[in-house]
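Report on one structure; see the data block that follows.
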Amino acid sequence: MAGNTIGQLFRVTTFGESHGIALGCIVDGVPPGIPLTEADLQHDLDRRRPGTSRYTTQRREPDQVKILSGVFEGKTTGTSIGLLIENTDQRSQDYGEIKDLYRPGHADFTYDQKYGFRDYRGGGRSSARETAMRVAAGAIAKKYLQLQHNVVVRGYLAQMGDVCCELKDWSQVEQNPFFSPDSDQLEALDALLRGLKKEGDSIGAKVSVVAENVPVGLGEPVFDRLDADLAHALMSINAVKGVEIGDGFDVVAQRGSQHRDEIRKDGFQSNHAGGILGGISSGQTITASIALKPTSSITVPGKTLTRQGEEVDMITRGRHDPCVGIRAVPIAEAMTAIVLMDHLLRHRAQCGDVSHSQK
Amino acid sequence: MAGNTIGQLFRVTTFGESHGIALGCIVDGVPPGIPLTEADLQHDLDRRRPGTSRYTTQRREPDQVKILSGVFEGKTTGTSIGLLIENTDQRSQDYGEIKDLYRPGHADFTYDQKYGFRDYRGGGRSSARETAMRVAAGAIAKKYLQLQHNVVVRGYLAQMGDVCCELKDWSQVEQNPFFSPDSDQLEALDALLRGLKKEGDSIGAKVSVVAENVPVGLGEPVFDRLDADLAHALMSINAVKGVEIGDGFDVVAQRGSQHRDEIRKDGFQSNHAGGILGGISSGQTITASIALKPTSSITVPGKTLTRQGEEVDMITRGRHDPCVGIRAVPIAEAMTAIVLMDHLLRHRAQCGDVSHSQK
Amino acid sequence: MAGNTIGQLFRVTTFGESHGIALGCIVDGVPPGIPLTEADLQHDLDRRRPGTSRYTTQRREPDQVKILSGVFEGKTTGTSIGLLIENTDQRSQDYGEIKDLYRPGHADFTYDQKYGFRDYRGGGRSSARETAMRVAAGAIAKKYLQLQHNVVVRGYLAQMGDVCCELKDWSQVEQNPFFSPDSDQLEALDALLRGLKKEGDSIGAKVSVVAENVPVGLGEPVFDRLDADLAHALMSINAVKGVEIGDGFDVVAQRGSQHRDEIRKDGFQSNHAGGILGGISSGQTITASIALKPTSSITVPGKTLTRQGEEVDMITRGRHDPCVGIRAVPIAEAMTAIVLMDHLLRHRAQCGDVSHSQK
Amino acid sequence: MAGNTIGQLFRVTTFGESHGIALGCIVDGVPPGIPLTEADLQHDLDRRRPGTSRYTTQRREPDQVKILSGVFEGKTTGTSIGLLIENTDQRSQDYGEIKDLYRPGHADFTYDQKYGFRDYRGGGRSSARETAMRVAAGAIAKKYLQLQHNVVVRGYLAQMGDVCCELKDWSQVEQNPFFSPDSDQLEALDALLRGLKKEGDSIGAKVSVVAENVPVGLGEPVFDRLDADLAHALMSINAVKGVEIGDGFDVVAQRGSQHRDEIRKDGFQSNHAGGILGGISSGQTITASIALKPTSSITVPGKTLTRQGEEVDMITRGRHDPCVGIRAVPIAEAMTAIVLMDHLLRHRAQCGDVSHSQK
């Protein structure tokens, strides 16, 4: 049924296939009177755009977004905002050969089984290309959050294969093609990706998102907790297989005396919780991480079936990232911002204006 | 705002505080004509119930559930089902001393900040006591899934502290107080918990859920993917800080050639994906894991503030589990079953009857 | 599927059958800190209660409501509020004879066709008895609206059969068993009902609702307009076959120069619109009317079928109102208040605090 | 907040202003494998289109709809369908003079009060121009309903001013510019509109919708009844002030013995209920009517205020219909089809495949 919508009050609905005519979305519930231009959205779209470095797919899409409604004389009107990106570089001839194949690790098999057939051109709706509209919609949320509440949502590559990147310097993140905050690891990342390209293989990644200055009180127990909604939004990104809030899976081996964040007059003394207690933001920095699987679009031959049930070996040709995690950074930021924005409005509805904790 | 509902078509709405008069829920969207009795719900409630072993809180609640509506002559009518559990063992005098304290690691601070005050008796709505209703509602989903589609949803303790339990034997799980499928680790678990009790400390845990015979095709891209909705449901459980599907965070260091599950005539050759591809169930067994933090209700003194902003040291008295992860097993099963049930109905709405994959 | 919920932010979910164990509901999204007692709800429940005059069914239900959660030390906590009314006067033996009959004009046939069978005791879920929980939930909305925004929602009987009641005097409404604001028509109403009782027949009614001091700006174009949501809520009341806002069906024969409400410095010069323009409240008094069909529970014999398809003539015995419209007044008020409350929160989420128009 | 979506499982979300760049919508939840072309949508868009007769506004819009996604090789894929209509005839210069005026009877005042400002060009989002996307989305529902279930949804003009049109002949409806099924009244309608044009005034209308072959069992008590959802959908159409199901307001003066539809082996003996009992379709023909107010865009001068609070007299220039009810026929059909389609899917989710009543 209808699964192309996220959010309750800040509500994003998307459409579009990898090689269709266009991608689009409707962003509903945006407060009126907020300055908004296409340039506000384009910045993050450019960060996500393929073809920006030799490490990402060479598909060249300008990904030029148009605002079709909901903005008048430079300001949001409070009505629904229509966004559109036309697909220009479709090259659907590339994909004819996978028409009758179930690429292992892809959604070909499950789409076919669910819907009876599928748009096989570049993965159709299951392609990560749809995330462009998430980034566009997320940029509206990011703008609002920053402008009205000084909330800053940023992401970075935390790990690729065995290469760990520490959060040493935010300014580094936008200065290398890996979104790495750790300049000491740039060479190792480069070497890893070069090796993978040569082998025709791919690698997984861990991406972290950090949201600073989040007001206290966001989140609606018991099901629509802030962490639960973040988990939903982040797990909905293509290739994500795990989500952590705060210390995440490290808590399994922690003790209560170690995990609980003690409080003093000058605030919390640690942040194992990742800024969320009982499903509600505590005013501390929110931290989340996601695990992204290695793309299955590789040239190492793989065993699979045709739609007709014949066993074959296949190779994925075409333009593909050896590490899809790289480009997931702006997407993870966007999804985080969409959830925060939604909960900001939800909080305001029930409890009135938000505040930043004094603690 | 209204966050006490989960599910779109199989919809569960709950109420109730730890030391209020009663807990309750409404389960809406249940197909008509399904045999259902209170005993069907009581079994899982008893598995979750406190006071069943020396390792869990000694609060004694019979947790006797009543079906108030929606069942007639032993069968569901298709109308909303009202469920009620009366609180009998309230002992609210135990909790007077935390009235003006923010217990570190608890939701006291965030509830106070969000709502302006809180029901301080045993955590009020933020207490894990509300999960009793999740288990009751989940039992309806489990029954339907098993009866109509032979789907089996089971969970187990996968890790506690550094003690890992392998999935050796399902029959073991119900025969020890830890839900451990690994009888070789029972002594180690016992030793760990005894040590913690002595020290007045607590420990985290990892719980895994496995759903077998899930029909192919469940999940609604692009936002309401099956994995995204599972992540939401599982992260909404108290104390959960991480969710994994299939290989989870291990994918970060995997290669594409290793992760992708190849397909042959006799089916998938591995299950790194955890039974979900492109957000849609593949017909393979679904596997998910969650990380549960160590409870902050410990007797090791902790630094915190009073509501008035005074710095104090505090100890949590009362009846508390040294490892809340133990009792999370039936809750995780319930949340998984609720999501599967919801998506089964959603699939049927758009695509007609479900089938089990031939692959 | 799940149809027992109304509202987005102020969300009411109900359960319960006419002759089941209890009726209940969960009210979610209530702002915290609002004083609330059972007495606040009981007042309207008593107004709706059967058996209060010789003109209504003699079923005697105390309809004593209990608040099970969400209120602490006399104030709403912001968490979900559970409400319960136990059924005491069930007398299900009265209804055995209709077990296999489709009473004409009732939902027996459609429930059977939809769900495969039905709870035949007093109409089960299709009985107007479920409206008791609407009244209880609506009372929370009424209290909030009046306390926080001075909004007053009141209803009255506008017509019964051919007897029209003019809105002459609000104070009259609570002083006669008909909710008539027109004391000149009390004798005519009494005569009409006496005649119907003698004949064993019933009559339709028109009920009007008036909401004063509604803030300007409530309503969300283009689908969730205030008038559209009012129409939904009011049409969802048992027996309602028509809904009007402002001049309603009279507009068919009106001219634009006559209908449009002109504006001067002292405000609107008329109120043909009924307080809603473009789906948004204008700050004028909101007026709505509903048409309620005559109950089909009469002793005039009617032709119908058995479940087995046999043709029979039937008489409805038992305790029934000759005019169900009478008791619809508090229900219509409740539904109106629920919609206004929901839209007040929705407005606050997107646009901030409401205001009363200066116009 | 987010009010631009209608439907739960068949979900339509729209955007676009009268004089913006484009109108668009996303239709989500459409079953896969249904043949669909732009021509399927264009037919109803052409019926709604302005400029098709001298009785409607002379604004000339080709209203050419494009399908941007969700259809592959001529069939729906089950993913979200993006639709777009570019605005070509914008002439926004016409509207400069109303920039600072609150046109009486329009949404200018309420949009300004709600959002702080408004897109004044042709009414912006409050213009009936947005209904083009309702018609496009409704055409998908109509196609599915007819193709899969033989359901036919048709509307007609039932009354304009004092001129009543009887449902004499469906084939007439498409052969005159009034959608009148009564050829005996064409002259009277023509005379009425000519007179109004001369006077610069406008008139209200009543439009009726009829849905035949509706399966039995559609509708979800107690709030999402089929009639309640129809009332919501129909009241959400611009200018609608009243909605009736079946006999509508006539029931106020009816007796139970007269209203209830008796049942015999050959089916219901009458249809006062309009095909819905207890909120669930009975398998009989569904009938609904709506009252549309006379447009306030007339050349008879009207008293109003400027945004600055100054009293002025104003005239609405530009291209306007003297009776907006005429073009509401395809819109009312579309909204009815959307609701039926949504409930068909909802029924299928909970109760399995629909059937046509044997009664």
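Which chain is which? They are A, B, C and D, in the order written, and residues in each are numbered from 1.
In this text, a residue touches a chain if its C-beta (ideal position, glycine included) is under 8 Å from a C-beta of that chain, and two chains touch if they have at least 3 such contacts.
The UniProt protein names, listed by chain, are A, B, C, D = Chorismate synthase.
This one's a predicted model, so the numbers in the text were calculated from it and none came from an experiment.
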Of all chains, the one whose CA centroid lies most distant from that of chain B is D
Residue numbers at the chain C-chain D contact, same meaning over half shared and different meaning under half, come out as same
Two candidates, A-B and B-D; the one with more touching C-beta pairs is A-B
Whole-Å distance, C-alpha centre of chain B to that of chain D, is 45
Whole-angstrom distance, CA centroid of chain A to CA centroid of chain B, is 26
Residues in chain A with touches to at least two other chains are numbered 1-5, 8-9, 14, 29, 32, 78-79, 114-116, 125, 221, 345-346, 349-351
Chain D residues touching chain A in their complex are 1-5, 7-11, 13-17, 20-26, 28-29, 32-33, 66, 68-70, 72, 75, 77-82, 84, 114-119, 124-125, 345, 349
Chain C contacts chain D in the complex at 1-6, 8-9, 14, 102, 104-107, 109-111, 113-116, 125-126, 130, 159-162, 196, 201-206, 216-217, 219-225, 227-236, 238, 240-265, 269, 272-274, 276-283, 291-298, 300, 302-305, 309, 311, 346-347, 349-351, 355, 357, 359
Chain B residues touching chain D in their complex are 8-9, 29-32, 78-79, 221, 345-346, 348-353
